[in-house]
């Protein structure tokens, strides 16, 4: 494969964006960066979709002045990407509004802390103490309770 | 022209117009939503019998398939479209301050769910799926607590990640085949998608659509969301919405992806889901999260069922899905007032004997005690797996049976608490009549199923047979043959 | 042509890495805009002017605006 | 440990993608639905921009859903961020230049936006792109005059009506005995402004809807300072 | 409508009546009469018990999964059904009188009690009537949950024990389900007959898996080692006559299913062929040794109990071992002994529980350290217990002797001296502990607080006495029961024991009529000597002296606590609670796993999961 083949370059861009996006989502802890990661991942996926039927030398799928070009680019992926971009921005706005609220409530955007606080809140609402991460045996389970009462002899 | 389109269009239209209607009459805005859903449910039911004979394919906008978008209705799809509509109707969100918004969201959910079930175009499915996801964010966050916002955000991150991967999967499919129409994909798949690229596309889409179906590695949102969302929303998400996501995966599996590796992936992820969910539920100390974890386990069973090759797998998965469709919403409705620590439930059977009895019934069916429907569903899953005589399937059977014993243990720990003779210090809340009535209705469905086992099984079998009939699918949609840029 | 595309792609990918690495969110946002614009250019290259316009308007413009507003509200507007 | 895991993970992902890459066939032939659409779109829809044909006609339902997603996102955004309190502190005024600039830009942006929307079926651009411009037209004054605000009630009604228009046009086709969302009206001459039947009307609805929703979202985000 | 339909219908009606009318004063009697009617319906099928009929079909059947599910009775079912209904009848009778009123006054729901009891009987009959593997499983589950219901009735502590039971039982049921479905996968049908035909061709590995799964499934209900932990405490906490019923028959359902599937369908001869590698044992030996350890260990655990109900319940676990042992040996003597032991054991165990409940009814306690000397206060109960423990210890002239004799004899015939030795050690333990039971309750020093205790009410004494008569009569004329066991042997395809009314007709056989008559003559002679020759003076029970000093009633000279100190000194270190430790180990392992999984869902960074996913996917890409 020729390194300067335009297909290779474009696909590398798409996969590269996706890879960086996934890496960002997985590695980062800061919420905003995770949202950035999702945006990058989406961008990469969009590019990939658009490339799926790309041909060198095709013209844009628009008839200008009534002349039909010999080969036009595939309009379907373009329409799909159009849709995907708009969906992406809707979700982005939603994520940012939620982030604002979460920061207001918990005072942090670090995912680890958010998880911890969330866990605390759920436990508090349920009226149980926060389950500790240490592996303490559960003494409340009926079985062990039964086992502990007078052990058979 | 067919009225089936209205099942999707009418709820959307009403949702758009709801705030205008509210200007005119608050009363109308309150009642129009349920009425519209009732009407769409009636439409769906009226179409039901005719689909038994032959499935139906519609073209949005009247453009010939594969150019336009196809709507494919067989009983399999309509079953879940109806489940979505009726489920939303039964579990209509009731919140005092956000009535208008939650009504719109419920309408959107019903319309989207129906569309998702009926859609016959890959990208269209993706868009419906995204819309459904966004609507669920709204429903979850609608609780308005900081916990619900945080859990929505966590859900959104996982979902957004999954959706982008699904989009990449669609890109790979389109790259290989040049079409998005499922019928045409079914035609082209054996030739063009039976390779590594096809498999990669499947895995990407599986991760994407698996988020809602509580597939193992992407289900980390489940416990938090079900613990923070209102019980009705949890009931909808766990009971109905997850099934729709599963339905998509089933469709893809039946029509497009025939790799044996795909089945193995499903099987392994299903086993991991069952094991992790049921084990985690064992130590759960509040009812909501216990139900959430057990729901992960149940969905895992469905994935295991899906991994069985051939008609038997689809039939088994369908049976488990329908069973769960009745059971989980009912359980979450009971958890509405019993949420929180299980310790505090001590003696709750005194104040609400009917709810406690219903809980026992549901628990028994969930763990699969004969002659309740849960047992037969489980039987349908296990029997074909043993017949396959492969080590991984034996492992799956073992995990399922072991998980059932765990399930029996933790669910009956709750039952024991309910019937405890020393009531807890705090007084117990009594269920709202509407909640209890709905839960009873669903539970009654389970009991009725016991007496109609044979016709029910026959019906599900025929639905599964219709769903797995690829050639009918292709013939009904009848996509044009594409050739080098020209239509024949 | 290929050379231009190659350069754009490299710049774009480097910016994408920068989005993840910059400590300052404002800089990250700027890098994000660069990615969007690069993408927009690539869309033009693959003969998709509609998408390119949309990406420029929504990806580079609107998204950045949304991020900027959100960062302001989150108090991340200035580097920490 | 975490760094190591992350590196390992990215490495694995990279290898996987490389493997897929190896198997991909880049020299795909032109056998696809898009080419078929290219062949017939001009006759079937009458729009010169085939992307518009696909967006509004062939895949009209996708677009409707996409609008619904925006609608829902805007609604949820409003719900999450809440309303501004009346007595909340405001940002300082942006100053004369920006204010005047905004005033001058407003009609310009409005015209450009509408132009792009209405020519969507002929040239690149359309409801989405134009809608964004419309949104910025309405949002700019808000930046310039932090004291003012957009009436969210009006926005919600406008976006609802715009969406409803889209669906109702679709439903009209059903009354006509055709499928939902079938383009109606005369197709006109290819390339003319008044052509392509209902597609420009649909795009107008899309543009208004996108514009109002995005403006609403932006306004919410900008105002979110003082909730609770 | 066949006789079986009638039986099941009456049984179902009994459940309904018990639930509706249980709380009324006459409700209990009504239910008791219905049990009697069930017995009558069973007698309509008595041809099954005498080999004149082979099978009675039920006209009810359903088709599921293209499998015809059917129910029918054969000699085996009939034999077990007889015991079930008998146990139900006597327990309900016992509960209908004063006991029930007391129970209700203490806040218990009689309606639920009678309902649960009737439900147990009904579900057991359904299980006994199962005509294929699927109905067997359905019946199995129904029985499990019905027993759970009656165990949990008492609330409080009983909840914990019932929970433990259902955890064991459900895990066992799942093993059973796995086994049955494996059979289906191998055979292609749930039909008994097809399994019987296919069993000889099955591979040894499949068969091993099957035997392990099925034996664990059935074994949980039988409470054989190592699944025995749940039973004693759960039974002991069941309210009064419920314990008698459960102790008498409930866990025998496991034995029934074991006989049906393993003995009748797979066949003991197949088990003999399955050798354990690197040992000289085969599967049959393994089961026999499990049975022997099930005899020994629980019996010696029983020896250390100081609660009468628990002591009896632990014996129940131990006695199961005898039955299993006899049936696994599977020659004519052994299987007859095992089956007969089911009947015999049910008769005296029910009676013993009733006596203990009667004592609790009068004194309010079943703690062996707080009782004593009740012999003069409750003579009839004492008599019943005496007869019962003689039976339990397996001494003539009671019926327990006959069945144990048969089992011992079969072991000798089979040439298994070590198994025989084990069984004898078990019997030794039984004798020691039943002596503790009767001594600490009825003999020795009367407690001051029990001076006013009276004999148990008639509603309790009559069922006890009736059972005592059965124990004695079937000991005197064991042929009555051996007729039925022979029919069972014939129906499950085991060599039939040649017998007559008095016992076994073979060389070195047994004739109980002769033995008992001699014993009775000797006993009568002794009585004669006692009454005619002796010159005893009646003294008050509390008129006691030691070393010339009068002992007041408050003085504790009664030797009850720390029973058998010498023996305990000897064997005490052997009590290690290993199985309790094992159980706790399993629970904490699950707990740890569960915590880990919760941690996974709560804390784990997605990267670990995605890493796993990618590695997983990579394995495909590379392979």
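Letters A, B, C, D and E name the chains as they come in the text, with residue numbers starting at 1 for each one.
One rule holds in what follows: a residue touches a chain if its C-beta (ideal position, glycine included) is under 8 Å from a C-beta of that chain, and two chains touch if they have at least 3 such contacts.
Note that the coordinates shown come from a computational prediction; the quantities given were computed from them, not determined experimentally.
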Task: Shortest chain-hopping distance from chain B out to chain C - done: 2
- [ ] Could you name the chain whose Cα mean is nearest to the mean of all protein Cα atoms here?
- [x] B
- [ ] Would you kindly say which chain has the C-alpha centre located farthest from the C-alpha centre of chain C?
- [x] E
- [ ] Name the chain pair with more contacting C-beta pairs, choosing from B-D and C-D.
- [x] B-D
Open item on the list: Farthest chain from chain D, going by mean C-alpha coordinates, please.
Closed with: E
- [ ] Mind checking the centre-to-centre distance between chain A and chain D? Centres are C-alpha means, answer in whole Å.
- [x] 22
Task: Geometric centre distance via CA averages, chain C-chain A, whole Å - done: 17
- [ ] Could you list which residues of chain A touch at least two other chains?
- [x] 18, 21-23, 25-27, 46, 51-53, 60-62, 72-73, 76-78, 80, 82-83, 85-87, 89-91, 93-94, 96-101, 115, 131, 138, 141-143
Task: Contacts with two or more other chains, residues of chain B listed in rising order - done: 123, 127, 130, 134, 137, 141, 149, 172, 174-175, 178, 180, 196, 283, 409, 413, 416
Task: Sites on chain E at which at least two other chains make contact - done: 159, 163, 167, 591, 594-596, 598, 602, 605-607, 610, 617, 621
Task: Interfacial residue positions of chain A with respect to chain D in the complex - done: 7-8, 11, 15, 18-19, 22-23, 26-27, 52-53, 55, 60-66, 68, 71-80, 82-83, 85-87, 89-91, 93-94, 96-98, 100-101, 104
Open item on the list: Using the touch definition from the top, list the residues of chain B that touch chain A in their complex.
Closed with: 123, 127, 130, 134, 137, 141, 145-147, 149-154, 156-157, 160-161, 163-165, 167-168, 170-172, 174-175, 178, 180, 224, 227-228, 283, 285-286, 288-289, 339-341, 343-344, 409, 413, 416
Open item on the list: So in the complex, the part of chain C that touches chain A is made up of which residues?
Closed with: 1-3, 5-6, 9, 12-13, 16-17, 19-20, 25, 28, 32, 35-36, 39, 42-43, 45-51, 54-55, 58-59, 62-63, 66-67, 69-71, 73-74, 76
Task: In the complex with chain C, residue positions of chain A that touch it - done: 4-6, 9-10, 12-13, 16-17, 20-21, 23-24, 27-28, 32-33, 36-37, 39-40, 43, 46-47, 50-51, 54, 58-62, 72-73, 77-78, 81-82, 85-86, 89, 92-93, 96-97, 99-100, 103, 109
TODO: Using the touch rule from the top, collect the residues of chain E that touch chain B in their complex.
DONE: 62-65, 137-138, 141-142, 145, 152, 155-156, 159, 162-163, 166-167, 170-171, 174-175, 177-178, 181-182, 184-185, 590-591, 593-598, 600-602, 604, 606, 609-610, 612-613, 616-617, 620-621
